[in-house]
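The same chain A turns up in both complexes below, where it pairs with chain B and then with chain C.
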Partner chain A sequence: MPKYDAIIIGGGHNGLVCAAYLARAGKKVLVLERRERVGGAAMTEEVFPGFRFSVFSYVVSLLRPEIIRDLELPRHGLHILPLESTITPLDNGDYLGQWNDHDQNRRELARHSLRDAEAYDEFGLMLHQMARAIKPMLAMAPPDPAALSFGELTAMNRLAEHFRALGAKRFHMLHKLLTMSSADFLDEWFESEVLKATKSASGIIGTLLGPRSPGTAYVLLHHYMGELDGVFRAWGFAKGGNGAVSGAIAGAAQAAGAEIRTGATVAQVLVKGSRAIGVVLEGGEEIRASLVVSGADPRRTFLGLVGEKHLPDEFVESIRRFRFRGASAKVNLALGELPNFTCLPGRGPHLRGAISISPSVEYLERAYDEAKYGEISRRPYMDIVIPSMIDPAMAPPGKHVMSIFVQYAPYHLNGGWTDARREALGDAVVDTLAQYAPNLKGAILHRQVVTPADIERIVGLAEGNIFQGELSLQQMFFLRPAPAWARYRTPLSGLYQCGAGTHPGGGVMGASGRNAAHAILRAG
Partner chain B sequence: MNRAIVIGSSADALIAAHLLARAGREVMVVEGGDSSQDEGWVPPQVVRELRLEDFRLHWPEPWLAAPLPDGGRLELWRDMARSVESIRRLSARDAERWPAFCKRMARLARFLEALYAAPPPDPLSLPFALRARRLGRQGLEDLLRILPMPVAELLDDWFESDVLKGALGAAGVLHLMQGPRSSGTAFRLLHHHVGCPPGVFRPPRSNILELLRRLPRVELQHTEVLRVALRAGAVTGVALKDGRSLEASLVVSSADPRRSLLEFVEPGWLDPEFARALRQVRGRGVVARLRLQLDRSPGFGALALAPSLDYLERAYDDAKYGRVSQRPYVEARCDEQHRLDVHIQYAPFGADCSGLADRVIALLSEHWGDAQPSASELLSPRELEQFERWPQGQAHHAELSLDQALWMRPLPELARYRTPIKGLWLCGQGMHPGAGVAGAAGFNCAHEILRG
Partner chain C sequence: MLMTTPFHERTSALCASHAWRRWAGYLVASSYELSHEREYHAIRSAAALFDVSPLYKYLVRGKEAARLLDHVATRNIRNLQVGQVAYTPWCDAAGKVLDDGTIARLDEATFRVTAAEPNLRWLEENARGLDASIEDVSESIAALSLQGPASRAILDDIDLKYFRLKDAKLGGIPVTVSRTGYTGDLGYEIWMEKKSALTVWDALIEVGTPRGMTPAGMLALDVARIEAGLMLIDVDYVPARKAFIEAQTSSPYELDLAWAVDLKKERFVGREALAAEAARAPQWRFVGIEIEWESLERLYAEVGLATRVPGAAWRTSVPIYAGAEQAGYASSGGWSPLLKKYIALAHLRAAHAAPGTQLEIEITVEHQRKRANARVVKKPFFDPERKRA
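Up next is the complex of A and B:
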């Protein structure tokens, strides 16, 4: 008898969520994490003395509320502080502010376009309805449309039923969201360039696509699906950084009896016949278990840890063509003083929210053009937060940490990533931002630049893709990560996948981990 | 008043007219100023029902030639073996994969073909699901995966030769304001593959118009429609440019949907929200046409200058910012009289096309040997709008992208050819399946009318 019911490869947030659910169901679970701490890309690190950063993922919104509830994450230390605004500085010294306060937001939009202020509520309502239409699918193991079993046919029918129940109007709107570019989609609603740009920016996050690329409207919706305390599309910080999210989930898993080993690198999945029977660690230690669940990305899991020879050719082919193409980077700054934005001087409430460098759709599209041919965007899109404004414990008194999410920095950079290219990316980011906040350069005490190549090296995400695989229509739902294998199972019995490379994908949602656990428990 | 008036003289319009006439309606065709189209696949049902016995589809042989960087040409033939032979000179691996690729694509094109000869399906209905399942596991997975893909990714999955990928990828963006890296362009490759033999990825030409014009029973009026006359939300006839009015209880328009509903119909008859949605239908012209007379054969039937997917993508980049491509994708077809019809993409509507003709002639002259052009005429999208009545010069009326295809074409409310105005129907290129398919929209529309 193996000692464990299940081994989870990788202590990222999905692996931990899966472990927690399995442990709560009475399974004996072991989580193996390569690094010295859990969390994967959801981690906090004191990069410079006294300055703590959410080095990779940096905000919370998409984490499924049912997970927060089921695992009682607040009891394990999760405390989310809301982000209240987004401002977009403009080259002419003006800015666009979007505020959580409805009236304030409306007044601000009206300053840019009366028509947009009118359309905004209707747009919000529409996206809200669309998010609600998609929501039940997030917790669903995608059915296999080509299977003939009664169960699968019923599942397909239920899905069709769900869409029929939306009514024609909403179904057609959903069709548009799935197939349009975010820029075209927003053109139908708004006229203000900066509003369209800032909204369409959430359609390009994590993908090597521009706002004019079809498919980005769905990514926009994906980022709209966040829910905090019952409020749709609210974004927030975890107190203590995103490591606190992983920490809380790990706490819940351990409280339920799961064992977590860090510094334990899985070298190989042990396969006997067509069954996974355990893992081999680097150093040779073998651990047996009835089930192996991989939280690693599909490429690493199947082409690395399992090995092609144990898998059917067609499946291997699907995994090989699964696209990653990381395009996002992070720049983390330790600041001696707050940035002083020309458009909103001084210390104001805007510094407690997000700052978006997205002055126009064309600006974003041009940034993409450079990346599409393998270059760093000279004037990149940035999503910036200053966590120390909300959680002062992140930086020494009077000092600050700034987290800058950057696009585009293509993984497949012409000539490859070097230290010099990494610094060039950092310079492009700081130079661009300094145009809006001139004191920035003088305020920087330390700078950390994390490229997609770094993300791959440190966290293990293939090509540094933050979603464990592009969130494009051809890689979603029943096709994620491979047709016929989107239900968390794999061609090897006893081997499951629970990472964001499965439906519904990334963004610190935890849904993949939860769905995988349910699939495992259902299978008995 | 049982008269039906059909607006337009395209294949779609004439087919709708003849089908209505055969069903006993008195039909009058008013040439709406829009032009004839003899390009594109014609559904066999049309040929059967109208008994067009001499009907022929044709492709040049080879159906496409593409120059290679170091001289010579890639030649793609209807004969698979000859194509394989030609591809082998570029890449043995690609040559080996070509037949399998063609087979996989042909299966999906056949699936689309069945959808094209009928009004758009209800995607959530059981018959549609059953039809899709008949593709089998691989076919269904291909369908779900490939339709939304960028054509560049699809081709990268299969092939390594830039010239081959460029030549095929161009079919993914024909008349589209998107580049080969845009999602949904793989669908376009399949769309233009419908009705073609396996291994042919360009729409055919046919003699459909010539045959239709020879058919009896339909009266032609050489004038233009100004307005569709309405009473109580229902059609009562049309007002013509020459001052006459004709009474009719049924008007079928092959003009573009926006013109049909927003220009022909007095404002006020349409629900404002619907009118707004209609104005937002995307139909951005991106193609300029060049007509050239040569003094002798250029030595090709069809020649494409699109040497790689990146070349196409860069051509699109210019268009994104409103400029004519510095290095455009150019495709020339030559007829027996040595007349060249040249497709130039991207030339966005409104962009400055001066000098474009000379640039394109210079590009082409490297490939036509000793031939000399005697006369040339360039039509920019603006001129195409003026002469052909294509909105913004967009030949497809509404761009065929996934959000404006099938049950979404051009808007869900119009997808079954019926409009909110009683007695006014649409049958043009902006309708399903439209976009370079000759006659299917007219055929489907006439059947919908007769069914009701």
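Up next is the complex of A and C:
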């Protein structure tokens, strides 16, 4: 008898979620993490003395509430604090604010367009309905419409029933969301350029696509999903940074009896016949288990750890074609003082929310154009938060940390990533932002630039894609990561996947980890 | 920040209660005095002055302005005479109510629309291809509502019929006065440029105070509008635009507004759906409910308490039963200090909605859910002759 029921490869948040659920169901679980600490891309690090950063992923919006409840994460230290607003500074010294308070928000939108102020609520209601329409698919293992088994057909029928129940109007809207570009979709609702740009930005996050690329409207919805379930202030910041999310999940897993080993790099999945029977660590240690569950991305899992020779050709082809194309970077700044925005001078409530550098759809599309041809955006899209404004413990008193999510920084950069190119990206980010907050440059005490190549090297995410594979329609639902293998199982018996490279995808949701655990437990 | 109305300088100085509430993004007084009681009684015995500036207001102009509004509203607007005002709901294509308000014909080609919700986009969408322009004057036009039996005298015995309007002067300022309101009493609404607001306010206070007029807030208004059987958007019905599910929407028929739907009009938004509904009779009715005092008294006596009634109007959904079956729900209600009755506005399935039907309403007595006897009655609960006279 092997010592473990299940080995989880990778202590990222999904691996930990899967481990926690399995352990709570009485399984003997071992999590193997290559790095010295768990968390994967959801981790907090003191990069500069006294300044703590969510180095990679930096906000919480999609983490499934049922995971927070099931695993009692607040008991293990999770506290998600609200992000209250988004402001978008403009070149003419004005700005667009989106506020939590309905009246305040309406009044601000009306400053830009009375019509948009009125359309805004209807747009919100529509997205809510669309998110509701999609949501059952997030919680279920996606059925394969091409399979003819009774179970698959029943599941497809249930899904068809669900879509029929939406009614024609909503079904048509859903179709538009699934096929249109976010810019085109938003054009149907709004006229204000800055509002459209800022909204469309959530359609391009993590993906090498521009706001005018078809399919991006769906990503917009994907990011809206967090606002369901009566979670009023859905966008949040985890106290202690995103490492606190992983930390809480790890705590829950350990409390349930899971064992976590860090500094343990899996070199290979042991395969006997068509069955996974354990893993081999770098250094040669063999660990056997009834099940192996990989939280690594599909490329690393199948082409790296398992090896093509153990897998069907067609499947290998699918995994090879699975697109990553990381497009995002992070710039983390330690600041001696707060940025002073020309459009909203001083220390206002806007600094407790997000700051979006997305003045127009054209700005975003041009940023994409450069990346499309393998260059860094000279004037990038940025999503900025100042975590120390929400959780002062992130920086020494009176000082601040700023997290800047940057797009586009293509993984496949012409000539490849070098230290010089990394710093050039950092300069482009700081220069662009300093146009809106002139004191920024003088306030910087330390700068950390994380390119897609760095993300791949440090966290292990292929091509630095933050979602373990692009969230584009051709690799979602029953196609994620490969046709016929979207239900957490793999062509090898005893081998499961639980990372964001499976349905429903990334965004610190934890849904893949939870769904995988359920699939494993159902299979017995 | 919340917006303040053009009268804020005056109203904030008077607001001893410091009780404010939001209305369409503005700050308005819930009551000026510590209790709203005297303000309520002023409505029915003398006069009350309300700041109703937060209403949404639109000026619709053009050769086809009448055509546009006739197309949007369920009532006939083409026949509206200059100087006439019509209360009307308007619907979406499915015949579900989007909003309700008034349409006043200022001259042959100019109308003023008042609404509870923003409607600029809706009006503009329907105006495509028509010679009609829409101007949002919500912020530039200030409005006061002067309600109560003394209101006519305060306006210098103005000669104005029910639901008519005309130009007048107050404190030397040109204003428009309409004989409209939300209290079901004799009353007027006064429309003016924002810049003249304080002058008009001061003039009314000067003339009105000796006649018992008092500034009044939303708590007093809420009691009066329930007595008048007037529904409130977001409280008594969910506008179709905000409904998450179809069951939350209401047709005009379901809101007791059949009289305001003119199916003889050839075309208007929602006509087909409304014609179909009229043919099969609506499933829901919006009615008045009177909760029997004796029954209340008995429930309280059982636990050794004297009967209690709410001090202010409530606006929560309360189940109403016909035997074991739930017949519907009350959406707002309260104690009528004038009628000495506990009344409520309720949505009932048509089968239980005939006046005189005996029902039961849920009531919580000492933390326990009980049922009190209630009876369907005709709206309005209070309908003084002076309202129209």
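The definition used in the following text is that the second predicted complex is superposed on the first by the 519 of 524 C-alpha atoms of A that agree within 3 Å, B and C clash if a C-alpha of one lies under 4 Å from a C-alpha of the other, contacts with A are read in each partner's own complex, and residues count from 1 in each chain.
What we mean here is this: a residue touches a chain if its C-beta (ideal position, glycine included) is under 8 Å from a C-beta of that chain, and two chains touch if they have at least 3 such contacts.
What you are looking at is a predicted structure, and each value in this text was computed from that prediction instead of being measured.
Asks: Given the superposition on chain A, are chain B and chain C in a clash or a fit?
Replies: Partners fit side by side after overlay.
Asks: When both complexes are superposed, which of chain B and chain C contacts more residues belonging to chain A?
Replies: Of chain B and chain C, the partner in contact with more residues of chain A is B.
Asks: Quick one: classify A:156 as touching chain B (first), chain C (second), both or neither.
Replies: In the superposition, A:156 contacts chain B only.
Asks: At the CA centre of chain A, how far apart in angle are the CA centres of chain B and chain C, to the nearest 10 degrees?
Replies: In the superposed model, the angle at chain A is 80 degrees.
Asks: Thinking of the overlay built on chain A, is A:100 touched by chain B (first), by chain C (second), by both, or by neither?
Replies: neither
Asks: Which partner does A:268 contact after superposing on A: first (chain B), second (chain C), both, neither?
Replies: neither
Asks: Once the shared chain is lined up, is A:119 touching chain B (first), chain C (second), both, or neither of them?
Replies: second
Asks: With both complexes overlaid on chain A, what's the closest CA-to-CA approach of chain B to chain C, in Å?
Replies: 5
Asks: On chain A, which stretch or stretches are contacted by chain B in one complex as well as by chain C in the other?
Replies: On chain A, no residue contacts both chain B in one structure and chain C in the other.
Asks: Residues of chain A touching chain C in their complex?
Replies: Interface residues on chain A, with respect to chain C: 103-104, 106-107, 114-115, 117-119, 121-122, 125, 128-129.
Asks: For chain B, which residues count as touching chain A in their complex?
Replies: The contact residues of chain B facing chain A are 124, 129, 132-133, 136-137, 140-141, 144-146, 148-149, 153, 157, 178, 181-184, 280, 282, 310, 313, 317, 320-321, 401-403, 407-408, 412.
Asks: Please give the residue numbers of chain C that touch chain A in the complex, ascending.
Replies: Residue positions touching the partner: 1-3, 22, 24-25, 118-122, 124, 136, 241-242, 244.
Asks: In their complex, what parts of chain A are in touch with chain B?
Replies: Against chain B, the touching part of chain A is residues 145-146, 156, 160, 163-164, 168, 171-172, 175-176, 178-181, 184, 187-188, 209, 212-215, 321, 323, 362, 365, 369, 372-373, 472-474, 478-479, 483-484.
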